[in-house]
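Written out below as structure tokens is the structure these notes cover.
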Amino acid sequence: MAGQAEIPADVVALCDYERHAAERMPAPLRAYVDGAGADGLTAQANLAAWQAIRLQGRVLADLRGADTGLRLLGLDLPHPLILAPVAFHGLAHAEAEHATALGAAATGSLMVVSTQSGLPLEDIAARAQGPLWFQLYMQPERGDTLSLVRRAEAAGCRALVVSVDAPVNGLRNMEQRAGFRLPEGIRAVNLDGMRPPQIRSEPGRAATFLGLMDAAPRWEDIAWLKSQTRLPLLLKGIMSAHDAERAVAVGVDGVIVSNHGGRALDTLPATAEALPVVARQVAGRIPVLCDGGIRRGTDALKALALGASAVLVGRPQIHALAVGGAAGVAHMLTILRAELEVAMALTGRRDLAGIDETVLWGS
Amino acid sequence: MAGQAEIPADVVALCDYERHAAERMPAPLRAYVDGAGADGLTAQANLAAWQAIRLQGRVLADLRGADTGLRLLGLDLPHPLILAPVAFHGLAHAEAEHATALGAAATGSLMVVSTQSGLPLEDIAARAQGPLWFQLYMQPERGDTLSLVRRAEAAGCRALVVSVDAPVNGLRNMEQRAGFRLPEGIRAVNLDGMRPPQIRSEPGRAATFLGLMDAAPRWEDIAWLKSQTRLPLLLKGIMSAHDAERAVAVGVDGVIVSNHGGRALDTLPATAEALPVVARQVAGRIPVLCDGGIRRGTDALKALALGASAVLVGRPQIHALAVGGAAGVAHMLTILRAELEVAMALTGRRDLAGIDETVLWGS
Amino acid sequence: MAGQAEIPADVVALCDYERHAAERMPAPLRAYVDGAGADGLTAQANLAAWQAIRLQGRVLADLRGADTGLRLLGLDLPHPLILAPVAFHGLAHAEAEHATALGAAATGSLMVVSTQSGLPLEDIAARAQGPLWFQLYMQPERGDTLSLVRRAEAAGCRALVVSVDAPVNGLRNMEQRAGFRLPEGIRAVNLDGMRPPQIRSEPGRAATFLGLMDAAPRWEDIAWLKSQTRLPLLLKGIMSAHDAERAVAVGVDGVIVSNHGGRALDTLPATAEALPVVARQVAGRIPVLCDGGIRRGTDALKALALGASAVLVGRPQIHALAVGGAAGVAHMLTILRAELEVAMALTGRRDLAGIDETVLWGS
Amino acid sequence: MAGQAEIPADVVALCDYERHAAERMPAPLRAYVDGAGADGLTAQANLAAWQAIRLQGRVLADLRGADTGLRLLGLDLPHPLILAPVAFHGLAHAEAEHATALGAAATGSLMVVSTQSGLPLEDIAARAQGPLWFQLYMQPERGDTLSLVRRAEAAGCRALVVSVDAPVNGLRNMEQRAGFRLPEGIRAVNLDGMRPPQIRSEPGRAATFLGLMDAAPRWEDIAWLKSQTRLPLLLKGIMSAHDAERAVAVGVDGVIVSNHGGRALDTLPATAEALPVVARQVAGRIPVLCDGGIRRGTDALKALALGASAVLVGRPQIHALAVGGAAGVAHMLTILRAELEVAMALTGRRDLAGIDETVLWGS
């Protein structure tokens, strides 16, 4: 595993990890990691939207004893920065998800393990020194889904995050153009032996309406899933008040505002735009989390001000992993937390509970 | 005719066809095909406006048995993607309009043959395996116009699309600068023997107000034309509620919101802006179609959400034709349909009837 | 004088003249001609504002016998395109103002001769075959001003255009950086022998508040001037409703909305923004004209729709003069008129009287 | 000290000093001087916001005897352009703060000496020929703060400017990436012997919430400070109505709207946006000043129109110092004053009292 000493001296922000990772990754891999759906408009919008939100500076506030801790679905966390589920960490580093989990634990960060991890979820959990959540892609067969749930429970995962925004893949044109393919030896091992959706064949037609959507999860499947586990259940990919309300109604324990990092449907709005809509609808009944384009402590602060309990970062963990392994992931999270503290200090907020809309300019 | 094998592997979206076509076409031809009126602001606006409209993602909807079919002016179509009338396909491919028609038929796509086709409309129709509409430029002499109508009827065209937005050519500065001229052997054969408008000569004056507009069609000519044929009649180039209302009043069967791909009057608004204005005025009395800048399935979905029954694509068919002939056209349409299905799936719509304004963010 | 044959074949719009002129003029001269005040923001805004206004296309209107003529302050003009006053045409062409006047006459265009013409106004007028107005900079001494007025009257000028927006020069940083100086033999000959303003000297201070503004014209001077001549009097440089009202009150015969082509005070709004404000205030009591960034027939149409009776073009005449002499100026004006006719045709307007706000999208 | 002769001939505006300084300064120093916090969005916004505000031109006003003088906190100043506190002038010029003070005095400009001056404040004051204010960073120990105050009083400073917007450093990523370090021999000599804040050590944690904010000044410290000195006290870094009201309540004599030139918290709004909010709240009870992105006389005029009594310029003094020493600073201030006069002349304002919101377009 790469040591701290290998992190270049000019890495002082998350964008520096992205720059260095871009130099180290072959073009097809870069297209996979940094690419997005179709024309990448939503991925760009995610970044731009946080930047466009402005903060209300405040001076001379009493910040003695200030702190970033929170309690979230039964976990006490020192800060609200979570590692989003990302497939195949082995693409970026030989130690794969183990390295990421080590970096997370070193900084007290919660990590969400992907269904599409390259290592078996049990292996990741066995070596992890910090808390894990498990991200679940529901399978065409309920038995397969249930098997994944039972394995996550047995491995000690603390919650299930069901991704609901990608029943079909987005148009991954960037990685298609670059000719990206998973290398030998990297595959979604957690899904070994599971039945894929049955697609009808028709010339000049895509799979979407020829079977794929017939096998896609529906609200009734979420209700069933909720009945099958005592783990907290979060839905990831909620972008509307309508779906947020249904999520509450079906009894899930949290929602994550996400557009899949712009990798699913292009021209969805930025999550910074959807977050306040969802948070207003949920109105505190369950926690609302958010990902998509979080690259600065100020971004995180803005998400909290718009109603998020915590935020998740995706691509930056792969960038940091590629550049510095576990040490890189830890450093990346340290930077982000340090930035969040500066942002809280200069807007006069002593804890997360004190972060509300008045943090934002024009509120 | 170019086979499927010749389509480059990195063609995964319509913009890829544009890129490859640009490499294959000489600069003057490129200026003709991809150029636009004056400074090209409207052509750019067409593209940008679709991109700027954002979608409302929806999750976990029941999409079993979803489908893109529609019934339009007596035709049953498997999808709402139509090939717009475009002049002189022979500029892009030796098989000219025959190749386009073959690609259209292979994907169940309706094609609109241009008055300015390089092949006689009868020849195109004779070999076409799918339905055709005929685009009509009204001529200074009613007898000439009627002759075109009768020929289209005899050839089996299923509707007439009268272009009303270009009584004078736009300022085609880009092709003028590049020195584009039609090559030997390509001309508007359908118009052979017809009388051009009579222009008065005056030094330092253009033809517009010296005869051209005297010969241009007026609303009364549309009424006359409607009385002369039993084919459905559509007006192409409607950009205002005022003209939409007159179109309904004069009894036409459909209107197409179009700014001629930005090739006519520069600084007209994007069709994405005019479409809802026209659709609101027409209020379902006749079908409203739309073209201009449709390059993605999401663009098509947005047009449908704004009131269009179907959309037309222009330049992309020439790009695809130049790159892959009939196979290219078929592939281009397959991509677009596949993208539309993904967009419907990720906004939770099972058929065209279910596509309304709630597909759009902020509705 | 350059003949028609010398105009490059790829000159098809006014921007082409600008491009070719830029290649022919030495950098300092270019900085003088195309430069603007300070950071050039207003000069850019002039161009961008016309482009940003969108037109409402209209189809199938009856345009038989359409025409662009107008009557303006006693003159019958075939079109509303006027040559704005510009200093020192000799910088661009050996025939100087004579060539410009010839190009104007060949196209029936009104020309406004500058106080700062390089040729004596009497010489220009003697050879001019079309109507002239005279642009007047008021002088510190009323006697000097009166002398200019009497000379313009005697030379047959048909109106006086008093520039009121530049009592001090704008910050011509671009030409200052480029080191522009008037070449030997070019000077404001019309002002020979006139008394300049008296400036007090103080270290580290500019002239503005040390005498220059003490000598600048005031409203009472306009009233006096109006009493001294029977020629129609226009004020050039009106950008506010306040000053427009005072102009009407003091009895002038017309106002020209102008920001001196962005050469005076930077960050003034575009004239396209000030025009409707001024026109609304004037409410038809006197003609309102407009210049600043008119480069297309659509720009002219928009100005007319916003309340202008006619428009003036400045820099393009110098570009055309540099490239093609009198023939260039005539060609440039022919292009602009032809574009205006196309724009009228495609918005369904048969004459200037029919051009109102409904020409504009969103009206 | 560099003489006037050394100023390059193409320096005609403040941006020219920036350009030339960039060529003369090594990259790390440039990153320090011209860099900003995090992604530099606020620094850019400062510049862009002044540019985006447009002016209402006015003509033919009576400006005889016009003047830019003002009275501010007991000082009669010939113009409202003040040198903002900037650290370590010795980085740009061997004569350091002495040179700046000489340039200020030559143009009648007030200078604010920084706590972080490289020369002892007493030395600067002893040689200064014009009025000085002292910028104060409050220290963890009140005794240390008081010592600075007494020294400023003894040195004859005419007011204290307490910076309250940077209890922690912003994320100076640009200078971090460039590896900037203070050279040997340059340090904050005024702080020699003072006690730094006590930081607790914790792995993977930043200092912000581990002691730094515990030592930061609070409103009660301002009240205490006010009670300790008879000098006028200004708070620098006020960006909200809330803090402006508290500043008035605590009895300070003025506030400076500032975001530390974008060097503290990134994505704070531009000062041009915060200024009217603060000025409206203060409502004339105490003077409001403003800095951040002032580069043109028009910028200064706009700030005055939005409620500022005077404006401060920061980085331009370092640029001018690097290029021309004291003469450069004087020249820079002369340019800015000359530009302000032109802007007043062309908006028809004879003195600062006459500058109100009607200077702004759209008011």
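Labels A, B, C and D are assigned to the chains in the order they are written; within every chain, residues are numbered from 1.
Methods note: contacts are C-beta pairs under 8 Å (C-beta built on N, C-alpha and C of every residue); 3 or more make two chains touch, one makes a residue touch a chain.
If you're wondering where the values come from, they're calculated on a predicted model, not measured in any experiment.
Residues touching across the chain A and chain B pair largely diverge in numbering: under half of the numbers involved belong to both copies.
Averaged C-alpha coordinates put the centre of chain A at 59 Å from the centre of chain C.
Chain D has its Cα centroid 42 Å from the Cα centroid of chain C. In chain D, there is no position where the chain touches two or more neighbouring chains simultaneously. Taken pair by pair, the chains that touch are A-B, A-D, B-C, C-D.
Touching chain D in their complex are the following residues of chain C: 38-39, 41, 164-171, 173, 176-177, 179, 204-206, 208-209, 212-214, 216-219, 221-222, 235, 237-240, 242-243, 246, 259, 264-269, 273. Touching chain C in their complex are the following residues of chain D: 9-10, 12-13, 15-16, 51, 53-68, 106-107, 296, 298, 330, 333-334, 337-339, 341-347, 361.
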